[in-house]
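Okay, here's the structure, questions in a sec.
Letters A, B, C, D, E and F mark the chains in the order given here, with residues in each chain numbered from 1 onward.
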Amino acid sequence: MSHWIIAPVILPALVGAAIMLFMRNDLLLQRVFSLASTLALTAIAAALLWAATLHPPEVYFLGNWPAPFGIVLVLDRLSALMVMLTALLAVAIQLYAIGSDWDARGRHFHALFQFQLMGISGAFLTGDAFNLFVFFEVLLIASYGLMIHGGGKDRLRAGVQYVAFNLVGSSLFLFALATIYAVTGTLNIADLAVKAQTLPEGDDALFRVAAVMLMLVFAVKGALVPLQFWLPATYANAPGPVAALFAVMTKIGAYAAIRFGVMVIPPSTPATGTLIADLMMPAAIATLIIGAIGVLGASTLGRLAAFAAIASMGTAFIAISAFTPAATAAALYYIVHSTLAGAALFLIADLVADRRAHDRLDQALPPIQNSGLIAGLFMASAIATAGMPPLSGFFGKLLVMDALRDQAALVWSVILITSLVVILGFARAGSTLFWKAHAAAPLEGPRHEPQGLAFTATFGLLAGLVALTVFAGPVMAWMEATALSLHDPAAYIAANQLPQVK
Amino acid sequence: MELLVASALGLLTSAGVYLMLRQRTFPVIVGLTLLSYAVNVFIFTAGRLTVNLPPIIDKYANGYTDPLPQALVLTAIVISFGMTAVLVMMALGAYLEAGHDKVDMNDTDETPKGGAK
Amino acid sequence: MLDYALIFAFLCFGLGLAMNVYRVFKAPGVPDRILALDTMVVNVIALIVLYGIRTKSGINFEAALLFAMTGFVSTVAYCKFILRGDIIE
Amino acid sequence: MEQIAEILISALLVIGGIFAVVGSYGLLKLRDTMQRLHAPTKASTVGVGSALIASMAYFLVFEGKISWHELMITLFLFLTAPITANFIAKAQMHRALREEDMPKTGVGSDWATFDPELTMVQPSPTDDAAPAVAEAPRRA
Amino acid sequence: MSLALIAALPFIGALLPGLMIRAGKNACAFVTGSVTALALLLLGLNAPAVLRGEVVQTRIDWLPSLGLNANFFLDGLGLLFAGLILGIGLLIIIYARFYLSKSDPMGQFYSYLLLFQGAMVGIVLSDNILLLLVFWELTSLSSFLLIGYWKHNPEGRQGARMALTVTGGGGLAMIAGMLILGNIVGSYDLTVILQNKELIQASDWYLPALILILLGAFTKSAQFPFHFWLPHAMAAPTPVSAYLHSATMVKAGLFLMARLWPVLAGTPEWFYIVATTGLITMVMAAKIALFKDDLKALLAFSTVSHLGLITMLLGFGTAEAATVAIFHIINHATFKAALFMSVGIIDHETHTRDLKRLGGLRTLMPITFAFATVAALSMAGIPPLNGFLSKELMLEEAYHTTWAGSAWLMPVLATIGAMFSVAYSFRFIAHAFLGPVRDDYPSKPHDPGFGLWAAPAFLALLVVIIGFMPMTSAAWLVNTAASATTGEPVQAYIKHWHGLGSPALWMSVAAVAAGLILLGAHKRLMALWNATPRPEAKAMFDGLIEPFAHLSRRLTDRLHDGALTRYIAIGILTIAATAYYGFSTGTHTPGTRALLDVHPVPALGWFALALATIAIVIFHRNRLLTLVLVGIIGLMISVGFAYFSAPDLALTQISVEVVTVILMLLALNFLPKQTPAESTDSRRALDMGVAGIAGLAIAGLSYALMTRDPAFAPIADYHIANSKPGGGGTNIVNVILVDFRGYDTFGEIIVLGIAAMVIYALTEALLRSGPANDRLVAWTPDLKRAGDRHPMMLVVATRLILPIALMVGVFIFLRGHNLPGGGFIAGLVVSIALVMQYMASGFAWAQIRQKVDYHALIACGVLIAAATGIGSWFGGLPFMTTGFDYFHIPPLEEFELATAAIFDLGVFLTVLGAVMLSLASLSRIALRAGETINVEPFDIDPSEGRSLDDLDPQEAR
Amino acid sequence: MLKRLFPHPLLSLLLFVTWMLLVNQFKLGSLVLALFLAIVIPILTGPYWEDRPRIRNIPAFAAYCLLVMWDIVVANIQVARIILFMRNEDIKSAWIPVPISLKTPEAVTMLAGTITMTPGTVTADMSSCGRVLLIHSLHAPDPDAIRADILTRYEARLKRIFE
């Protein structure tokens, strides 16, 4: 078994601690080490992705204890994919944070960033339900720190709300896990997947409660209506790069929903049946609608981006809630796309906000620096987010729609109508920000250095979208294989080498 | 006994939730603290209630209670402690920045009361 | 005989505890409540020790020791808050 | 031997129990806070004290292992009880009582709790733990 | 490949103008033009094969799993449209070079133009309807940019948004239609779809697909009732109008109808929807055009009208009608583009497009007059020009078409439409060019340079040529295109004279005559027109969009107004509801586990806990009291843990509880001490309800769990069995924490470390200059403060208690592996001991005497823990594999050493560091708030013989 | 050297004993550890306690402890009697300022503690010059007697022990 599986967790942890210990007061050193670590993480993630593509799932038995008694890490295509996505995103965001000097506007940005990466990687790689909780907490508390990075009234107040709401979520997570353990007596995900199928009938009801609560936890993370309320204020008030990093945080909810909803308690499970699907689909549709309406109704660019994120989660969860291989594959593709697109949008929003007195959309301001360039970037990310051709968003939507042709009447019309609303919202916002600006008094916005790095980062994310579009074919082929492996987790379970139950 | 524990658990949860729904940060934090106590007890009860069977290996022991939930509770306690600490600090910061300690952001800031002027 | 004494003691300290609780609930001021809490801790310690005798195990004596410590610290903290506001300046 | 020990232990337990009840009862019965302060600081300490001694004796005699933790707890309680009492008393004075109602010290200076200017200060040091804020010596 | 290249060229080329503009406008225009020319050339190379009746194809797999592939094919129809797009595109590029003013960013313009061109070519060459969709929406986007090209012009912005909304929206509908079509046939490839007429028209999904696809086509081609966006798109620069809104984009809809004609047409649904829409559009738009004074508006509505005409012809569903449609597409493209450019010239020269301010240009701009008139006459359908030819054929078709049983409706309305178009065409000539020369033109007009009139003139020439010799000049193209459209060989016979017997002759005679009469009566009709109220398209559109946008804003802001308490309430209710749903829909058999019986003292504990919990709700406004009650609750829970065989939990719970309370007290010092009563009774009742539900749910769930045994043997059995032999410890919980699930603990201490880090960073942020800092500096205690901060008794006592407490900490740490205790509890115990010291003499006082780098403490803790884990790698074992052994160094007794203990040390250090760093941060805030640092450990020192404050500050250290 | 090793010899001794009490077993290993801690911890806490108090008269100290023990028992019986059998209105509480001549903080603290633990009295506060202790007596028909009792019975002894 290769120790590399745990590297994405240990490396950031060590670097984060080292930054704290040796270079607490030297920003340059912090930048160098933190960036180096993130790049290394990317390389490792790439290697893991490669390995996961070639080989069946690999299990890392922590403490050399056999599953399900110890904690295991599992490297399968899905976890590898998510870690890779995180790493790539992290590189871009870190470049941006450095380029825009965001990391200098408060203490401990890079240490927190590294721990954040540790938490996210840990959450993706773990094969243990309770350990998933622990790493949720790691990434959450790091995100609290990053969210209030730099301080300020609104940010702190929004931060309090963010923390408070997530504490409720964490409590729910623990209630769910405790119930699961009390019913099944296990915490190992593979073991759970096995036991869920052979649960005595009398325990169904309680297990269903546990399943619902668990999925609601992921719904909180994934900002699924009606648990989305925490997101807009948080994302709109978080520092730009942090909000961009949060683009992957919501996806953790989606990831977990897939991991458990598809692999552990698929609709074929006797105890739970279609319970989850029945609840998730309407919620997802509501989410998409609320998000789209929010994009049109957003009062600031930050909130617009936030609601776009909600809408994207709606689409992703619509696909997930179909629980078919095709839909899961579409969901995975869409998740990757919307992560990059959302992040890009937040970075661009930050570029704009940085150059304007405010980012309100109901009043035009004088043209800003590099207006043309930023307008172009905005248009590109708007196209991607709205799911217009030619960028990957369009394919994502087509894939989702194609996979859900059974519910065509409902799902298609919702997806298409919301797309129109989103397009409208972006068109209005864009013309206010970049066209109307010329109508307003031709004053100069606050002066600004070019910030080459910041732009490079943003371009990088958009380039990722282009790549996702151009190589849609092979990417989708890969996603389909992954989806199949999730819908038939035999290999995943086998890798855990569970003891034979008598 | 189980009924007593369950009812106490319910009371804790209710009190926690009620305080969480107040409009000032301080009671909200206290409410969250109570909720986390409730959670810890809940996890603990997932190992069922036993008396005088501590999970300490001992040749005279006549059985052990389920130790795993206890370990989970310990982890949960520690984590919620960290979270609470951060939240307390953020609430203080928000109060100092805003001049009031309302949790809801749907109202215009009032003039600071109490200590901070 | 020992058992009866033990039960008697249990009831006594329990009764004491009950009175403390009542005092916490109904008191003219916070200092009284702090006092009640402090007494409560003491009674709890006693109860733990009695329980140790009953179960013939000292497994919880560290807990008792820690209760004594934390009880003291928190009492002082509450009082210092009343006295000065900032308990650790 | 065992008999005597049993009698002794039982006696200790009973006495302890009685004192505990008395202490807590005083907490309810007595008139004002300062009076109530007397009850637990003494009664309870002895009450729990004798219970602890009883336990020590019990384990020594019947389990054949000497357990010193009870002794430590007892000492700890006896060490801290006066401090607790002192603080609660000060808190009560500060909260509920007025300086006028107190007897004079007889030596001119006030009682510490009521002395408005009683903190000798120095400018805060500048280091990681405490920022460079050169407050002028401030009177509380 | 070459087909894909034709489509790709403009896209690639779109990058060039931006670069070339640095080399000057001519270079820029030249490069743009040559890109288009090259594409045109490539198209030409494929033309012969197409004319021979072959179909040229290129297939590139893109997204096979979806059936979306970059497949292109070129047949007659594609050839015709691609030719139009590229040919007219070339003319537009030349024209624009001279039209755009110096201030306009030409590079951008050409880039957008090429983007649009690429998208259009893509549409007409796609052999995959999903690919077609991609290009389709791209035209919407690129036209959005072109229409809004003049950023300063608000009409431009609104026009662009309207166009994008309408056409983009139609496009989205079309996506659905195409997906349905693809699902019916089982392939998204056009060549396959076109083979399956029966399959499609038999399917139940035919009508929905038809409607959705037509929505796309009608919006794009500005058919009634979606026509309103087109006139507003005229805010665009004239070259754009000429290109997009006459020649190409608006024809995309027509193209699509023609493209799918073989499989969609021929059904009554098709006839009634398409033909009727076309007819209405033709007549209505033509009428409006007559009353537009803005030349561009006039042309815009005439375009709409002609598009309606073509739609109608396609709607007839006969091969003949389709052929006429194709022919008119060609003719309309020629004369309408020419007219737009002429208008552009007039605008360019006279700085106005208002017919009321024009007239008499005939003598001032003779050249323009010449080709504009030719084009206009063709538009009016005056022989022998090409417009006449296609109009005659149209009337002929209309004459032979019965609509819902009435034979006369079609011909009559068609004639009326023709009449209006005669009228506005003549008005265009008469009111712009004829009449006396005026002296009040906004600017002195004269014919422009060759560059500007070359393109329109050339088109006018085509109008004439096709007009005079249709068979030689156009028939071949019409035939191939029509054959491709209808899927059957078509031979068009286009001639001017059909004999006196042909009804079309009399219909057009009537139309011309009536048209002239209308023109004559124009003044009075205009007055009448202005008098009659009519729906204003833009107003209606805005009336639709603005309220919706406003509503969205309201809804969004109302829902997400930052009312956290409501969010949480909703969340909790959702959780409870869904969880209950899950429970009630599953089978539940109550547990049979033997219950513990209740003893009086535990019951008393329950009573204490319950009472304190209720009290905390009642007294929660008194914050200090709240914390006291929290203390009681924590104590009771801790005792409960001790009673229910969880000594470790008892220890942890009580220590955590104390530290938490102390942190809260520290914060409370700066917060209001009272919580105002601000909730209404109803709100309280509501919250009570929510709280009650939550409590009941949790109580019920936990009871259901406690009273049953797990369905499977819990994994903990393994932990019990292997704690000593495998983990080397008898305290199973601790072994789980540092060994079985040590990885959890690793994450957990990192959470603590981060928490402290966050608190530190936040403090830094607060202490920076800003409102928070100002408030702190101006802070005055809101409570009366006692005289002495550091009573002597406590200090002296602490001098004994601190060392003892530290000892206890060490003790608890060392025994943790085998008995209740461990690194975490030890860390808290030591922290509490230090807190005691700080309360005695003050944090800063202690700081000065003993500096500890808490960051380092935390970091070291984490690193030590991690290092212990990594250490096992060197044994080739996985992360955190622990080892232990028993050692015997005489004369000492045998003792055990476990790597887990080192890990636990990491835990210890992290906990200690975290708590201390948090306290340090809070004490920094206190210092900023004006708190001061004492010199002596306690305020009153009897040995001094006098109180310290008699000294002056200098004397103190 | 030895002074550096044992800044507070008495404290070290106390800690040594404490450890043995804690580990509850008399083994060589424990002794070694106890010695180690008895050295290390005082050095760690040394900064908070620069001056070392010296007990000049150990036997007197021991005697004093026994005396206090006895008094505590007596005191409790008295207080119990007051609580149980005296009607509230008969209880005559009083504030009694007690001027003291002790100087050593440790001694003063000890006295204050003793007062709190013994007959119906609690040390409530101290004058800001450190010369007078404020004592609250639960039932003081004759305050001066109590004051005198404190001074003779305890302060005098403590003076002998500490100064």
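Rule of thumb we're sticking to: contacts are C-beta pairs under 8 Å (C-beta built on N, C-alpha and C of every residue); 3 or more make two chains touch, one makes a residue touch a chain.
Computed from a predicted structure; not experimentally measured.
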- [ ] Please identify each chain that touches chain C as well as chain E.
- [x] B, D
- [ ] Please state whether A-B or A-E has more C-beta contact pairs across its interface.
- [x] A-E
Task: Distance between the centres, which are taken as Cα means, of chain E and chain D, whole angstrom - done: 65
TODO: Return the distance between the CA-based centres of chain B and chain F, expressed in whole Å.
DONE: 39
Task: Whole-Å separation of chain centres (CA-atom averages), chain A against chain D - done: 54
Open item on the list: Roughly how far is chain C from chain D, centre to centre by C-alpha average, rounded to an integer in Å?
Closed with: 12
Task: Junction residues of chain A, two or more chains touched - done: 130, 134, 137, 141, 144-145, 148, 151-153, 156, 158, 160-161, 164, 168, 175, 178-179, 181-182, 187, 233
- [ ] Mind pulling the residue numbers of chain F that touch at least two other chains?
- [x] 18, 22, 112-113, 123, 126-129, 131
Task: Overlap residues in chain D, where contacts from two or more other chains coincide - done: 18, 25, 37, 45, 67, 69, 72, 76, 79-80, 82-83, 86-87, 90, 94, 109-113, 115, 118, 140
Open item on the list: Let me make sure I understand the interfaces: which chain pairs count as touching?
Closed with: A-B, A-E, B-C, B-E, C-D, C-E, D-E, D-F, E-F
Task: For the chain B and chain A complex, residues of the former touching the latter - done: 20, 25, 28, 32, 35-36, 38-39, 42-43, 45-48, 68-69, 72, 75-76, 79-80, 82-83, 86-87, 90-91, 93-94, 97-98, 103, 105
Open item on the list: Per the contact definition, I'd like the list of chain E residues that touch chain A in the complex.
Closed with: 61-68, 130, 133-138, 141, 144, 148, 151-152, 154, 156-157, 160-161, 164-165, 168-169, 172-173, 175-176, 179-180, 183, 545, 548-549, 551-557, 559-560, 562, 564, 566-568, 570-572, 574-575, 578-579, 581-589, 698, 701, 704-705, 708, 710-716, 718-719, 722, 726, 739-744, 747-748, 750-751, 753-755, 757-758, 760-762, 764-766, 768, 770-772, 855-856, 858-860, 862-863, 866, 869-870, 872-873, 877-882
Open item on the list: Help me check something: in the complex, which residues belonging to chain B touch chain E?
Closed with: 1-30, 33-34, 37-38, 40-42, 44-58, 64-71, 73-75, 77-79, 81-86, 88-93, 95-99, 101, 103-106, 112-117
Task: Of chain E, residues touching chain C in the complex - done: 600-601, 604-605, 607-608, 611-612, 615, 622, 624-625, 627-629, 631-632, 635, 638-639, 642-643, 647, 650-651, 654-655, 657-658, 661-662, 665-666, 668-669, 781, 783, 785-786, 789, 794, 801, 805, 808, 812, 819-821, 825, 829, 832-833, 835-836, 838-839, 842-844, 919, 922-923, 926-927, 931-933
Open item on the list: Quick check: in the complex, which residue numbers of chain C touch chain B?
Closed with: 55, 57, 59
